[in-house]
Amino acid sequence: MDIDLDGDEDFDSGGSKLTCPGEPLTSAQDYMRGHGTYVENEEVIASVAGTIERVNKLVTVRAVRTRYNAEVGDLVVGRITEVQPRRWKVDANSRQDAVLMLSSVNLPGGVQRRKLESDELQMRTFFEEGDLLVAEVQAFFGDGSMSLHTRSLRYGKLRNGQLVVVPPILVCRLKSHFITLPCGVDLILGLNGYIWVSKHVKQSDREGEEGFDAEAVYSNQNDAIDDFTRIAISHVTNIIRALATRFIPLSDTILLKAYEWIVEQGSDVKDLLQEDIGDALVAGITAIG
Amino acid sequence: MRPPSPSIPEKEFVYEALKQSLRLDGRQPLELRSPRLTYGSELGYVECALGKTRVIANVDAKMVKPLPERPFEGLLTIHSEISPMASSEYELGRPSEEEITITRMLDKVLRRSDAIDKESLCILAGQRVWHLRLTLHFLSDAGNMLDCACLAGIVALKHFRRPEVEVIGDEVTVHSPSERAPVPLAIHHTPFCLTFAFFPDETTQPVLDPTLLEQRLSAGLMSVALNAQRELCVVQKMGGVPLVADGVLSVINIAVTKVKELDALVEDSLREDWKGRHVEVR
Amino acid sequence: MSSRIEILNEGGFRSDGRRQYELRDITIDMSQQGTADGSAIITHGLTQVLVSVFGPREAKMRSQTLYDRANINVEVSIASFSTGERRKRSRGDKRILEMAATIKSTFEPVVQTNLYPRSQIDIFVQVLQQDGGLLQACINATMLALASAGISLLDFVSAVTGGVHSTSPMLDLTALEENDIPHVTVAVMPRTGKVTLITMETRLHVDRFEEIFKLACEAGKVIHGEMRAAIRLRTGMLISAMQSVSQNAGEKEDEQMYEY
Amino acid sequence: MSIVVPGEHVPAQHVNLKLGPGLIQLSQGSTSSATPKSSIISTRAGSLYHSANGSKWWVESNARRYVPAPQESVIGIVTQKAGEGFRVDIGSAHPASLDGLAFEGASKRNRPNLKIGSLVYARVSLAHKDMEPELECFDAQTRKAEGFGELKSGFMVRCSLGMCRKLLDPNHFLLPLLGAKVSLEVAVGMNGRVWINSKETRHTIAISRCIEAADPDGKGMEEGEIKKFLGTLDA
């Protein structure tokens, strides 16, 4: 069999150039190596399977499926894995667990409240192993692990919903990653591929507004959720799952479209898990566009 | 507590020295530490030392019923466990990766290479066969325990003699060594294992029989087991630094010449020991 | 060693109808398995292996973390139904541990572990069916799974088994052939043509070894071609799926994709 | 000088008696009045020494395992960075800790740049049986390095503790002998580690082999033999 596949085959799938680990891309003298490449014998060589991207002199290869590569300012959803002195360890689908410092969270009793020694002792009352939270990437440590913060009223512990995990590449960068669907479901699209689907919180009950219950920030109790909302949450979750298995990037518009399509078809929640309905959904939303 | 990995100056110095084809113990890169074989008073007891690496091998035989699927074949089992006595690297109970490699290699080199004629160990088909037990004790690890253990094992097997037996009908008589001279094992061929260490820098040539420091700083080992008749028994390069195909073949060719020297040395040493032994023959 | 089965008949055919240098059918399935970051199933004839890769992720045991690179952890398990006679192998079986150690040390110099300090890459190898060439299938499947997990690799690795029947070399042995004739497994890196792994455990003359070794190196390149094509196919499929929506979804979406 | 084995009574008597390593004084209660022997016994096998006036007694023996003692200089390998300081392997039962500020010119801002695997020449500042040993790379009074600090390039030889003591003895033949042949740098740790450096790799190898050959725990070569041995080396 011919080992060196024909050159034009490199340009399949809509013009993006594909490569595999160990394939020489270009000369290292004329180009700079970016992520997903390395230099050996004056040649830039791919180290991952994916698409080649070129920005001026910089050559990078972007892998399709990888763990989450964090950038400062990213919104992520994570799960507490460990409570350590003055810090929590958070699994955020990255190469190492992220760190959430006690000094990077808002404690009940006001934003400006000083941290006391007693707070160190009762860290588990804020976040416990297994708790989910939404946070922002604050900085990186020397070893490449990231530090998170929840010092905004929109960040913090998650309740009233369920988590879906998708490949991080499928979460598009959006103006806002807090999405509210008309069916009474709130979505938090973490850039790390963790998506939180929950019951809608009314504008008036949001943080800082009148109806906001400051004591509930670290609560572990779900609010009462009616059946209609529960079904809607499951619906949205299954839509995300169906789209993710077919590798469709997720954005507010797509999810909205998909939800509308589902409502139009009047299909049941569990129907979505069937192969053909999922395929029809994808065909449906690509056609609408 | 495991000893820490070699320090940066040690690492850099060893690499630099090897680049100049110098080794810390004054050997040439492809020079074996000359093995010292010490025989015990009993047949089949050998202590083998390569520098400060020392292994004791002991063979004993007893009569057992053969395996039902192989009624005409004797058994050879190899018992080896590396105790923390050899080096604090090893722990009891949980075998380390190196220990697994050594145990498996011993099995391949001494047992699966058909060095011993197992059919000659049969006394009475389906009833009685010899069961040889080769026990290895690792006394100290100063690098390349594998080669040392293989050498000790094969020399012990060559040194060992089993009692003469006589079969009349279904009657088996075992003659004690004082009655009749014990007989040596039927050995098809004598495999020896040679280990080469490769280093991250490609221009550094491989070294034969690495010391502990060289072994820990190496980027990969390749073990070749073969006999003086140019027959390879085991070739094992488990990952480590990649080599060009010709490099592999040249290493094997080096092993071919080295093994001849080793074979001659072992034969001499065995002959020497045998001369000094008084075995009654009636 | 003699056997009732003719390894190579006078017409130059092997017991399963192949020619001397003919490889068995290779099928590769790289679809997602469970929550693994990367996975692949490879079949060489009747040998089938599933590999799932998790990571790089936080090490489960803190003592295993290395300050300057990732730790690779390989676990091999062999399904008891994978061979003709059902046999349960314990996890402590030395042969299985050795195979895990072999896979680990084969990929340690290939994976750019220095990019993932303090992390762990878990490789779980599940043997589903065995008919010779087990190590070859395990290595190839691991390679594919690592690539599909998007882990940085210095080069490809492709492995193949070769054997010699009296004086005629042959490739990609079945269990039947492996039992009867000396065989060698070789893993090559096709870009540089270098060899990362060689294992041989039966008696063979040096000259014969050289012949089969060189042949196996060549065959490794052919297998590489198959594996490469499979990875490209999979990557291409995923990318076109991603583009199918965003291209239709209007300007705004395109812009965001570009930014990312 | 005499040879003692553990448990032997030692006739050490002085108004201001000081006991060195290998000797202990049994509490008066445990020695019955019936035995008029001295209450001092040896705890180690080795040769017994005492100072000229008989006020200081000690047992000298050779070992490989280092037991930290205050003010001894040692050579360690950095095994871990721990917050402000480092963990250092000095061959003792427990790893030692080295504060990042215990270096000449070190401050909160300006920390020594030691990597994992670096060699350091340091002094034991604290050695207590219930605590981890602590090291320092400067003189705590003057805050000057006094020769301590990171050892760059060169090579580290491991030898017995007795060999280290010999090398530190200015009357010992080996280092002057080697120094007459090649120019070399040496740092001797009391923990059985000697760092050596010279201009050429083969010289460093020759020095390391001579140290190993002269080690009483190994071949224990004397001056004449070492001279002969050195002649066979390519140095």
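Worth pointing out:
Labels for the chains are A, B, C and D, by order of writing; each one numbers its residues from 1.
Everything below uses one rule, namely that a residue touches a chain if its C-beta (ideal position, glycine included) is under 8 Å from a C-beta of that chain, and two chains touch if they have at least 3 such contacts.
Quantities reported herein were computed from a predicted structural model and do not represent experimental measurements.
Comparing the centres of all chains, each the average of its CA atoms, the largest separation from subunit C belongs to D. For the pairs A-C and B-D, the count of C-beta pairs in contact is higher at A-C.
Subunit D has its Cα centroid 57 Å from the Cα centroid of subunit A.
Separating the centre of subunit A from that of subunit C, both taken as means of CA atoms, is a distance of 31 Å. One finds 38 Å separating the Cα centroids of subunit B and subunit D. Contact residues on subunit B toward subunit C in their complex (touch as defined above): 95, 97, 100-101, 103-104, 107-108, 112-114, 189, 219-220, 222, 226, 230-245, 248-249, 252-253, 256.
Only residues 77, 79, 89, 115, 117-119, 151-156, 195, 201-202, 204-205, 208-209, 233 of subunit D touch subunit B when the two sit together in their complex.
By the touch criterion given at the top, residues 1-3, 5, 9, 12-14, 16, 18, 20-24, 36, 38, 40, 45, 47-51, 63-67, 81, 89, 91, 95-97, 143-145, 165, 169-170, 172-174, 245-249, 251, 253-254, 282, 285-286, 288-289 of subunit A touch subunit C in their complex. On the side of subunit C, the complex with subunit A involves touching residues 32, 35, 37-38, 55-58, 67, 112, 116-119, 147-156, 189-191, 221-222, 224-226, 228-229, 231-232, 235-250, 252-253, 256-257, 259-260. Across the complex, subunit B is touched by residues 94-95, 97-98, 101-102, 104-109, 155, 184, 189, 192-207, 209-210, 213-214, 217 of subunit C.
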